[in-house]
Amino acid sequence: MARTLLEVQGIVKKFGGITAVDGVSFDVREGEILGIIGPNGCGKSTLFNCILGQLPPTEGKVVLDGNDVTGLRPSELNRRGVSRTFQLLQVFPQLSVRENLILAGQEHKGTMVSRLFGPRDAGLTPDAEQMIEFFRLGHLADEKAGGLSYGQQKLLDAAMAFMAGPRMVLLDEPAGGVNLTMLGHLEERLRAMNTERGATFVVIEHNMDFVMRLCTRVVVLAEGKKIAEGTPAEVRANPQVIDAYLGH
Amino acid sequence: MMNFTNLLLAGLATGAIYALVAIGFTLLWQTSQTINFAQGEFVMVPAFFALAALNVGMPLPLALLVGLGLSMLVLGVLFKRLLVDPMLRHGVLPLAICTMALSIFLKETVKEVYSAEASRFPSFLPGGNLSIFGTTISIQSLSIFVFALCVVVALQMFLMRTSTGRQMQATAQNPYVAKLLGVPVERMILYTFLINAALVAIASFLISPVYLAKFSAGETLGLAAFIAAIVGGFNQIRGAIVGGLLLGVVDNLAAAYVSTQYRGAVPLFLLIAVILFRPQGLMGRAEERTV
Amino acid sequence: MMKPVLSVRDVVAGYGEMTILNGTTFDVMPGTITTVIGPNGAGKSTVFKTIFGMLKARQGTVHFKDADITNASPRKLLALGLCYVPQGRNIFPELSVLHNLELGGIAAGADVNVPHRVDAVLERFPVLRRKGQQQAGTLSGGEQKLLEIARSLLLDPQLMLIDEPSIGLSPIMVQEVFSILKDLRAKGVSILMIEQNARSALEISDDGLVLELGRTRMQDRAQILLNDPRVGQLFLGGVIEDTAS
Amino acid sequence: MSRSLLLKGFGLLIVAGLIFIPLTLNRYGIYIMSLWAIMTIAAMGLNLTLGYAGQVSLAQGAFVGLGAYTVAIMMSAGFGFWLPLVLAIAITFVVGWLLGYPALRVQHHYLAFVTLAFSTLVFLVFRNEEWLTKGIYGIMGFKRPTAFGVSFQKPIEFYYFTLAALALASAFVAWLVRSPWGRAFLALRENPIRALSLGVDTRRYTLMAFAIGSAMGGFAGALYAPLVEFVDPTPFTLALSLNLLMMVIVGGSGFFFGPFLGAAIGVLLPEWLRFAHGWYLIIYALFVMILLIKTPTGILGIIENMIAARKTRAASAARAAASATLDKA
């Protein structure tokens, strides 16, 4: 069995009196694609924000490679190899596709001072070109990201998360708002990332077909708690899961 | 001790005027994200409207009414229609810069059209001193304080007790829902501009007899209003009152007990400390964090 | 056949460049609870905003009873007997509970006695009467939702649009809200509701409506939808292939 | 291709104008041109902090003052020009860095007010610390510098000196905004949360944005002192900070050439309006208001918006064509 890369241990997050995440634990193993699903408002994004240092968890620990990384700043966590995308599109519309990718990688090269006096692209143009080719954005490399279609921006968003060669990537609703043609493309590229480069993912997604096809393992949340975990087929057959989605 | 009482009273009087100006400032911010850098000049201008009316021979009460009316027209309606409405959708900063230009415009226009000299301005409130229990008290300070306080209370009553006032509050607190309920949001916003114009006019008529009417009088007043508004809590009328009074007292006490050169620094330190350690202001509620 | 109280025909609407509703069509029958379900991004809330004049319909029409209310202002709709309780918290936290309630009567005509109406509404919500003088921001989440519902009843609406009333509420409060809705229906108010908690919502509903990608995919009796395996499937992802026209 | 050639030609024309036109001007005209060059440098610094990195500052005028006082005090003490210049930049860099700390806690209008208070406090120090600054009497009696054996005493000579400084500052900013730092600044302005998730240490970049922008203000001040050959507190009130901010916004915040235009409007326009006597500031203020109402994103912003609108129209037409073929398929 593959090594455990990330351990999420009993994360609790309270906002005022409301408990958004209520003691969720799971592991992420090297090379897998883990899906996290659950109805709206079940705490998925809050959980992501707690894992990634965007929000301090009220309780619980996040362990990366045996080191406690709970509450580290997102930039620090990113430099340790944990990358992410956001639910809403977050590319830099005024930068070109290539520049977006260079930005996504540059902080991993050298020190602040060496970057200042180093080359303008921080030596990342070849990497960016490779990523552009991998995500088949070649014809758009010099376009401003803001001018791309929504689906293309989603691809760029995902490409940016891979730019620094992260150990794992957390994708928050990568398929949201993407049309079917583009979705197939995105799915295929993410799968290739996984099989060809051995990248580890955690994916939050509403589009269940997408999750079921892509993921090797699925964690189901409802009302801030983990209610099921298993292969897509197991989860799909779980009456509790069906119940959670239709309410009670 | 006697000195202290009077200092305190003078501080409260100035503070009450600051509070009037700061309330207007917060109202504009709440309903239309306007940071009015010309607020100080807004206080300076109405006195000159009234002076112009006096100069054509009107009696003082009428001149003050004309001044008030002109303020509401120029600093209320025209300000909103010509400057704020076209700029609002472009964000806070360009509008703020525009009000900076407006402050230059108002200052220089008064200087050119009226005079660069300070002018005496008659008070409509009683003056002189009063002796109570062996303490001499400035009636001017007392009457300013009481009058300004009455204005604040009347405004609060209007906002709390009348339907229009509550619609204005609703607009400030949540314009989207206000609109859903059928509140004429645009008109409510116009009312806040009118109220601001009335408040600065009253402040103008109260302070000009003390410090004279001068084109440059707005510079310190504008700063005082910012500080009062922020110290009290940017989103609250109550905050503006507390901030104004506090600032007035601190200002006056600093003038007496801190070296004159650095008396101006005391409110600034107060401002920096409040922003850094209690950014929601003394009376404000912390904004809920959203990610 | 009864005439629908609300009928939405081929409505196209969206935000800026983004079109969310691509020709949405459905009816709401008088005296019923109709629940709108559908996956994220189907355009459920957008439909409500468009009906209530907060978003412009680019094409299509909306009729309320006999009146064409396409792109009418909220004020006019309120006066006609429509009300809208949006998602989330929509009270004025610094105003008292009573003043919040009164604001529900802003659009009232001269013939409506607002204080009287406030009193009548408070009769139905004793909690709110008890806490009438408190700032609304101090109420619990459930009480705030009740306040919103109470406020929307001030003008005696005939049709209520309510968006995700159960979000963020405890199960017991959800039950209470649902029982209020049933109560309203008994009094002849029609209700159009969006609800994620689809099963409990459909259980109290007469009709159900499935939206997907800004179009109506299914509209049927709530009982039928509840037992339709495709609805379950829809919520577990994917497109309902055999209903796609 | 021909368009870039046209732009190059236009640029050359302007540079030639900057070099030769002052030869035809009188002493005062040259002074104004020198002032423009200096204010452009200060506005470029603010543009870096505000326009590129998105941090509002109402204290740039105070940094110009700090630079000017550092040079005036040290030159009066007989230190020549170069050491005071370096020190002025170093001091404003450090103070700017420190002023960046509040920006880590508060943003937008709160940050504006903190920097506003700082600006006013610095003014009070200039006015009150007579032992150091000679208070309201001001510092005089220091000479314009001599560099590389060339004296810059005469107005036209000193103008060329400031022009060279402006060229240097422009080259520096052009290089900086194209470096990885420039990219990080932009990320900080556009979307700090996303920037953090990409490993951008937003704290350090915020502080650097303040430090570098302020140091450029200090640099401008260091040139201002020998230009006027007299330094007193009056030019460095809050009004200067507000003016510099106005220059950045009016020119086009976040555009490389914005400060050049903005400073031209802020410095030259009032002078051209001198014929209107006392009315010149009134006309100037009116002009700025109308300009902002017409072009709220600044002059360069509006040009870019026009270009972008044309592109969007083209893209939207292309999309419409594409979706039509999709429907058929």
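All chains are identified by letter, namely A, B, C and D, in their written order; residue positions are counted from 1 within each chain.
We adopt the following convention: a contact is a pair of C-beta atoms (placed from the backbone, for glycine too) under 8 Å apart; a residue touches a chain by one contact, two chains touch by 3 or more.
All figures in this text were calculated on a predicted structure; none of them were measured in a lab.
Centroid distances built from C-alpha atoms place A farthest away from chain B. Set against one another, B-D and A-D show the most C-beta pairs in contact at B-D. Chain geometry summary: the mean Cα position of chain B and that of chain D are 32 Å apart. For this pair, chain A with chain D, the centres built from the Cα atoms lie 40 Å apart.
Each chain gets one centre point, the mean of its Cα atoms, and the points for chain C and chain D are 53 Å apart. The distance from the centre of chain B to the centre of chain C, each centre being the mean of the chain's C-alpha atoms, comes to 43 Å. Counting only residues that touch two or more partner chains, chain A has 54.
Residue positions of chain C touching 2 or more other chains: none. Chain D has residues 193 in contact with two or more other chains. The part of chain D that touches chain B in the complex is made up of residues 56, 102, 105-106, 108-110, 112-114, 116-118, 120-121, 124, 127-128, 193, 238, 242, 245-246, 249-250, 253, 278-279, 281-282, 284-286, 288-289, 292-293, 296-297.
Partner chain D is touched in their complex by these residues of chain A: 52, 54, 73-75, 78-79, 83-84, 86, 90, 92-95, 99, 102-104, 106-108, 112, 115-116, 118, 120-122, 147, 149, 160, 164.
Remark: chain B residues 35, 37, 83, 86-87, 90-94, 96-98, 100-102, 104-105, 108-109, 111-112, 223, 226-227, 230, 234, 261-262, 264-265, 268-269, 271-272, 275-276, 279, 291 touch chain D in the complex. Within the complex formed with chain A, the residues of chain D that make contact are 176, 178-181, 183-184, 186-187, 190-191, 193-202, 204, 208, 311-312, 315, 319. Chain contact summary for the complex, chain C toward chain B: residues 52, 54, 73-75, 78-79, 84, 86, 90-95, 99, 102-104, 106-107, 151.
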